[in-house]
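You will see chain A twice below: alongside chain B first, and alongside chain C after that.
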Partner chain A sequence: MSERGHIPESRQREKPRADLKWIGKSMKRVEDPRLLVGKGVYTDDVNLPEMAHAAVLRSPHAHARIVSIDVSKAAALPGVLCVMTGADAAAVCDPLPTWASPPVLQPAIAHERVRHVGEAVAAVAAEDRYIAEDACELIEVEYAPLPPVVDPEEALASTGDAVLHPDRGDTNIALERKLTFGPVEEDFAAADLVIERRFRWPRSGGQPLETVGAVASYDEGSGRFTIQCNTSMYNYCGWMIADTLRVAPHKLNIVPTLAGGSFGSKMFVHKVPIIAAALARAAGQPVKFMEDRIDNTTSCDNHASDRVYYAKLALKRDGTLLSLKTRIIDDYGAYFQFGVGQHGNALSQCVGPYRINSVEVDLAAVLTNKCQQGAYRGFGSEVANFVIERLVDAAADELGMDRIALRRQNFIQPDQFPYLIPTGNMYDSGNYQAVLDETLKLADVEHWRAKQAEARAEGRHIGIGIATCQERSVFSATEFWMWNLEPGVEWTSSPDGVSVKIDPTGKAFVTLHSPFWGNSPETVAAQVLAEQLTIDPADIEITYSDTDQGLNSTGPGGSRFTVMVTGAIVGAAGKIREKLLRIAAHLMEADVRDLALEDGAVHVKGVPDMKMSIAELADKAHYYRLSMPDDLDLTSGLDATYVYDHPVTTLPDADERHMGIFYPIMGHSCHIPVVEVDIETGQVHFLHYAAVHDCGTMVNPMTLEGHIRGGTVNGIGTALFEEFRYDEAGQLTTALWTDYLIPTIKESPADIVVGHVETPSPFTEYGVKGGGEGGRMGGPPAIAAAIEDALKPLGVTIDSLPLLPSRLRALIREAQAKQA
Partner chain B sequence: MAEASVTLTVNGREVSATVDPRTLLVHFLREQLQLTGTHVGCDTSQCGACTVHLDGRAVKSCALLAVQLEGADVTTIEGVGGPDEMHPMQTAFKENHGLQCGFCTPGMVMKGIDIANRHAAPDEATIRRELEGNLCRCTGYHNIVESIAAGAREMSG
Partner chain C sequence: MYPFTYHRPASLDDARARLAASEDGRPLAGGMSLIPTMRFRLSSCSDLVDLNAIDGLAGIERHEGGIRIGAMTRHAAVEASAEVREAIPALAALAGSIGDVQVRNRGTIGGSICFADPAADYPAGILGLGASVNTDRRSIAADDFFTGLYETALEDGELVVSVDFPVPERAGWAKFGNQASRFAVVAVMVSLAGGAVRLAVTGAKSHVFRVPEMEAALAADFSAEALEGIAVASEGLNEDLHADAAYRAHLVGVMAKRAVRAALAP
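And now, the complex of A and B:
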């Protein structure tokens, strides 16, 4: 075992093959018909008899003590069924689930103190939503304001009244850790050059079109809750919701609905279902709580990484990269749901596609009077991509080297995989040169360099950017190890399960144990099962389990779904295939080894006419037990479940020399945008955009391209427009979509030219890698580089996002003043 | 609270109802008529997930009161086509992968039909200009433009 750990043997069963019938095809989506005709059931479409509707009164203050609450007028309003304050909620609920240890206690409804604008102060259930909102306006709350903490670097020094959680000590630092991987000091001592930069990554969020909601009911007879909700991870850790509601885990059933997008923001939804459930129990009837947009933007898990980086890259004069040091201050907001998981995530690929020998991370996670952080497409690793790519660009500029040439020189080479990076994570496979070459071809860089020269001669500003970024996929729970100062969650399992049955007529049924999140789970499952059993996807029906029926399943997130469900279906289909062959062998009086499953039938090899269809065999399996071998283990029917464990992980090192393998299925992308910047207005226009991704074997190129284009536009939003911006008083000034600028069609490039390279993973079934987040991982650094290139004649340096026209104008004015 | 009555046509059927005068059209459709295919996204008329047809033109149903619609003719996504007999615009979205999570989709389809009704063969620039008021967070719009162009071709053909 080296300093960086060891690489286990592959457990892959299905190799990538050229003769696959369904995997690799752009099959039209199974999910689409009901969504297209308005019959998809999202949470807000669930209606139960006698169902009440909830609304939540939210704090107008960033930081204050609640002196008093008077709900009498609200409770007296006709149509109001129940009003719940923080004190009422605390009497029936424990603090919300958290992965941080020691925990930062978070109530479902604020009690005695509010810590951010938008925090719930009281909840109302009423006959309809309009009445519930009227009632909220009748609640009288007296606040005693406390000093708001808004700036993350100032939060490092907070004391006294400015401390959000005095029970954790007189500080707003939730966690501070320095981790060193490899000989950092020696590498810096050996360097000819150190690039030093300060970067600012803005707080943005997934902002799906659908907010979070829950429909909860409580059955007094059985003492059970049922919660229908657009959440995920319910079959992994849904019991935590039961804990908060103070019922035993088997007294809660979580039923997934369709989710109208997540992008990470619905990964483990907790506040909304708990408020709905607490109200339902108190009101004695079902309650729907559907967030409105302000509920969601001010108080859900929709805010992502909000970081200041002081970064240093050590390198040799010849361009050899040596070592990376970062001091990071991350503004976590008022609570700490996932601990610093976003930084564990970043360490999976913090050296990018480059050979960098050592890494140091010095992290301070601070608490401020803002909404807590959650997850958004990249979960923190996209920030690491931005940092390393900006540093490499700066290094190339400093050395007078070409930005592309410096990248090529430092790429991990195709024959070096599987490759352990200094943090211990493994890159399973890759071909970064091939991805770069393909992107250069699609981008036609030569053409745009000529255009750029022409434009410059005319005083116009065209720029070409490049980013070569990692696209980690398939997260493992072992990434959590550095989350906590005290022993906390130390899980090592992160599986996904599936149930498959063939009915007596030969139709196939798949039960997924994680939800529809806006991706294509049914299409993936249908394609892989069709491949495995040689059947038609039209003969497969897909449903979703609740927690009552659920198998251990981590769910989508961290670009897991396609890899994990493919693995689970291969496992389950293998069992079914084995039984089919065994029954066929018995009935056809043949040796199992002489049989093959092909085109939906088992036949004797070399004798195509001697065959039985799956439907015939299923009929026998279900109804003709006495025609079967007399074995105890051969039961009637044709069904299988399979829980597929993460394909390759290892334990973190006990001495913290490395984190083990925790995010190893490593995709890669290259983005080359061409932009024109109008220096008078600060507006950015896309002239061209090429993006090539390597997500291993593609299950469905059509849906993968959809992810790449959509993710890239998310990246454009992060780079140019989006920010949850808090003013000095801690007011969120971009709570509505009038101010928080999601890219409309006008800001989205007319065409993002997408290309693919397929370097199959040697560890996953068929060599598939996840590709759900990659667009947003590659876009921001590439766009920043393109804008910097456009403004090169002015000497503008880009080190913070978003690059709103006003921000670009400020940079341009500053540069022009300097030049004058 | 005073209640008001309204009579209008929804998906070809006459509907008479008593409503709280402040009821938004989108809530009337979703809550009272159980036509839940029309969605609420942003609450501020930015996103267009609630787009329906009012007398043949696309409108945002979160920006109208139900009582304003006396005598009006409203069509929602449910009135456009079912799973077995999809409207050409719905089929075009399926064929061109014009949706992912599907939440903006009913609004996009309604807007797409409206565009096709007003422009026989809309070019890309026209579609992009017309779609300014409909947000999608999943697709990056590329395939939505393709879908509407294909749907419009099919409708005029």
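And now, the complex of A and C:
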């Protein structure tokens, strides 16, 4: 085993092929018809008899002791069924699930202390939502304010009353660790040049139109909860919710509802279903709790990375990159749901597409009086992309080299894959030169350079940026715990399963064990099963399991879905195909080796008339047992389940020389935006935008392009507009979408020209890679670079986001003052 | 929202009577500002008197003195009006810059000026073009209409019926909008009529205001260059998440020049 670990053999069964019929086709989405006519059933569409409605009273303080709560007036309001304080909840619920070890204890409803504005202080169930809201206004809470902690760097030094969780010691540092991979000090000593920058990545988050919701009911007879909820990961670790509710895991059934958007949020929803379930048990009636927008923005799992980086890139004068050192302070808010999983994630691709020999990461995860962090498109890797790309741009500028040429020089070469980076993660395959060349072509850079020169002569500011970014997909479980200080969750499985059935008439049924999360799971499943069984996707019906029926399935987060469900369907379809062939062999009196499944029928090779359709065989399989081979294992019916394990993962090294392979299915992208900056106002307009992604074999180019374009607009939001801003008192000043600015069609490029390169993975079925997050991974550094390029005559440097007009104008003003 | 009684009278007289009879009644035009504030429980009323069923309050007429726009005329109608585009294209541009399509299809000129949001666009149009506001009782000159933050010269129960715009020789509209709401961070309407210049700024203070120094400079020389060096003091300007006072003051200068250029554009 080398310093960076070892690479297991590939377990790929289906090689990428040119003659695929359904995989690779831009088939229309199976999900769309019912969603577009308003017939999808979202959580808020669920209505049960006798169902009550919940509302939550939230903390107006960032940090305070709860001196007293008087709920008597609220409880007396006609129509109120139940009022639950933190103390009431603590009597019936344990703390919320967490991956951090040691944990940061998080209650579903704050008890004794509030730690951020918007934290739940009490919950009410009432006959309708209006009454529940009115009741919340009648609850009297006395607070004793504590010092609010809002600046992550100041949080490093917090003591005394400013400490959020005194039970963990007199500090707001939740975790601090330095990890070194490879000969960092030697590489820095050998460097001719070290680029040093401080970067500030702002707290932003996924903004699904639909907030988080749950409809919970409790059956006193069986002692069993049923929770309908727009969550993911329920078939992986839904039992953790049962633990919190203090019931045995089999006394909880989680039923997924369609998610009206996630962008990574709703990854593992815990507060909302637990509040709804606790109220339902207390009230003796089903309870619906649908967050309103402020509930969601102030207190859900939508907030993401909020980081300060002190970054150093060591390189040779000839442009050879050597080593990367980062000191990171990440503001996790008041709780620590996924631990520093977001930094495990970033370790998967922190050297970008470049040959960098060594890496040091010195991380402090701090707790502040803000909403907890959760998952958001990129899950921390997008920040690492921003950092490495900004450093490479700075290095090129410092060396007087072309930014594109420096990238090209340091790219990992196509013949070097599979490639282990210093942290131990593997890049399975890639062709970065091909992606760059294709993007340069689509972006027509020469044309825009000429336009830029013309514009500069007129005093206008056009800029062209480039980013060449990794887009990792398919995490394995280790990323959630590799940084933990103490053993906690130490899982190594992160599979996804499917159930497939062919009914007696030949129609196919697929049960997915992951939810609809706003992406295209049914379309992918239909295309892959159609390919596998040579049937028409229109003959396939797709449903979602609850936890009662569920197979071990991690869910779609981390751009996993397409790869994992493709693998699971290949596994299940293989079993069905084998059975079809055995039955056909028996009925047609042929040797199985002479049979082939083609166009929905089993043929005897070379004998055109000798064939039986899948429908005929399914009929036999279901109803004609006495015509089947007399084999105890060949049971009636045509069905199979398959749980597909992560295609390639290894354990972290016990001595932490590397973290093992944990996020290896490595896509790549190149983004080239062209912007014009209005230097009088600070406003940025897009003149052109080209993005080329390599997500391996494409299952559905149309839906992938949707991901790329949507993700890129997400990236525009992060680069230019979006920020959860807390003021000095810890008030969230951008809790509403009038202040939390989301790009619309007006702020987006007229078109995002999308191109593809397909470098198949040698490890996944058909060579598929995930592509759900890449747009947001490439957009921010590319846009920052374009703006910097536009403002080159003024010498403006971009190292923090978002570049709101007011901030960009301030940078321009400073630069103008310096020049004058 | 808190509970209220909803009325939908068919005549102005009936609307007035219902408002007069209510404890704390409010008229409802397009509802683009009032309804959201009620939904957030930031405002409430005992009675909501919907003016949408009253005939004769909407419409655009060209007459000798100028253009008359009915109080219940939607922004989209002003934006699309051939008469407005021909006579005062800057006013059509203003209407077309409000909110989004849905807001423009629903919101009304009367509702906008009566609500008197400090960042609304129409107040700059009224003041910058020297319009007069006709109510069920009187006509109010633009300079007298907007009196403060969400405040106007309207008396209790007084309803706006229409607005009269004189037709200027030139007028120009320039707006730096909030990205989400499209409300003005700073927007400027400038007009030139009979040698007199009016330049009105919205979004920058508690309510719309004119800038006499700029008007004087433009009266002498109606060009963007004439505004060079005329700064608006940042003291007293609005400060919010999207712009501090200094940035707003700067934007007033930038938008004023752009409005003049728009007015001079062929």
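We take it that the second predicted complex is superposed on the first by the 818 of 820 C-alpha atoms of A that agree within 3 Å, B and C clash if a C-alpha of one lies under 4 Å from a C-alpha of the other, contacts with A are read in each partner's own complex, and residues count from 1 in each chain.
One rule holds in what follows: contacts are C-beta pairs under 8 Å (C-beta built on N, C-alpha and C of every residue); 3 or more make two chains touch, one makes a residue touch a chain.
Remember, it's a predicted structure, so these values are computed and weren't measured experimentally.
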>> Is A:T734 touching anything from chain B or chain C once the two structures are fitted on A? First, second, both or neither.
In response: second
> Touch check for A:V674: first (chain B), second (chain C), both, or neither?
Replying inline: neither
> With both structures placed on chain A, which of the two partners, chain B or chain C, ends up touching more residues of chain A?
Replying inline: B
> Touch check for A:L363: first (chain B), second (chain C), both, or neither?
Replying inline: neither
>> Looking at A:I66 after the superposition, I want to know if it touches chain B, chain C, both of them or none. Which is it: first, second, both, neither?
In response: neither
>> For A:L804, using the defined touch cut-off, is the partner it touches chain B, chain C, both, or neither? Pick first, second, both or neither.
In response: second
>> Looking at A:I742, would you say it contacts chain B, chain C, both, or neither? Reply first, second, both or neither.
In response: both
>> Is A:V392 touching anything from chain B or chain C once the two structures are fitted on A? First, second, both or neither.
In response: neither
>> Quick one: is A:A259 in contact with chain B, with chain C, with both, or with neither? Answer first, second, both or neither.
In response: first
>> I'd like to check the shared interface: which positions of chain A are touched by both chain B and chain C across the two complexes?
In response: 737-738, 742, 744, 746
> Considering the complex alone, what residue numbers of chain A touch chain C?
Replying inline: 680-681, 683, 721, 725, 733-734, 737-744, 746-747, 804-806, 809-810
> Tell me, which parts of chain A touch chain B in their complex?
Replying inline: 28-29, 31-42, 44-45, 47, 128-130, 206-210, 258-263, 292-294, 517-520, 702-703, 705-707, 709-714, 736-738, 742, 744-746, 748, 750-752, 775
> What residues on chain C touch chain A, complex-wise?
Replying inline: 176, 178-181, 241-244, 247, 250-251, 254
> Where on chain B is chain A touching in the complex?
Replying inline: 20, 22-23, 27, 30-31, 34-44, 46-47, 49, 76-78, 80-83, 86, 90, 93-95, 97, 99-106, 109, 124, 128, 131-132, 134-145
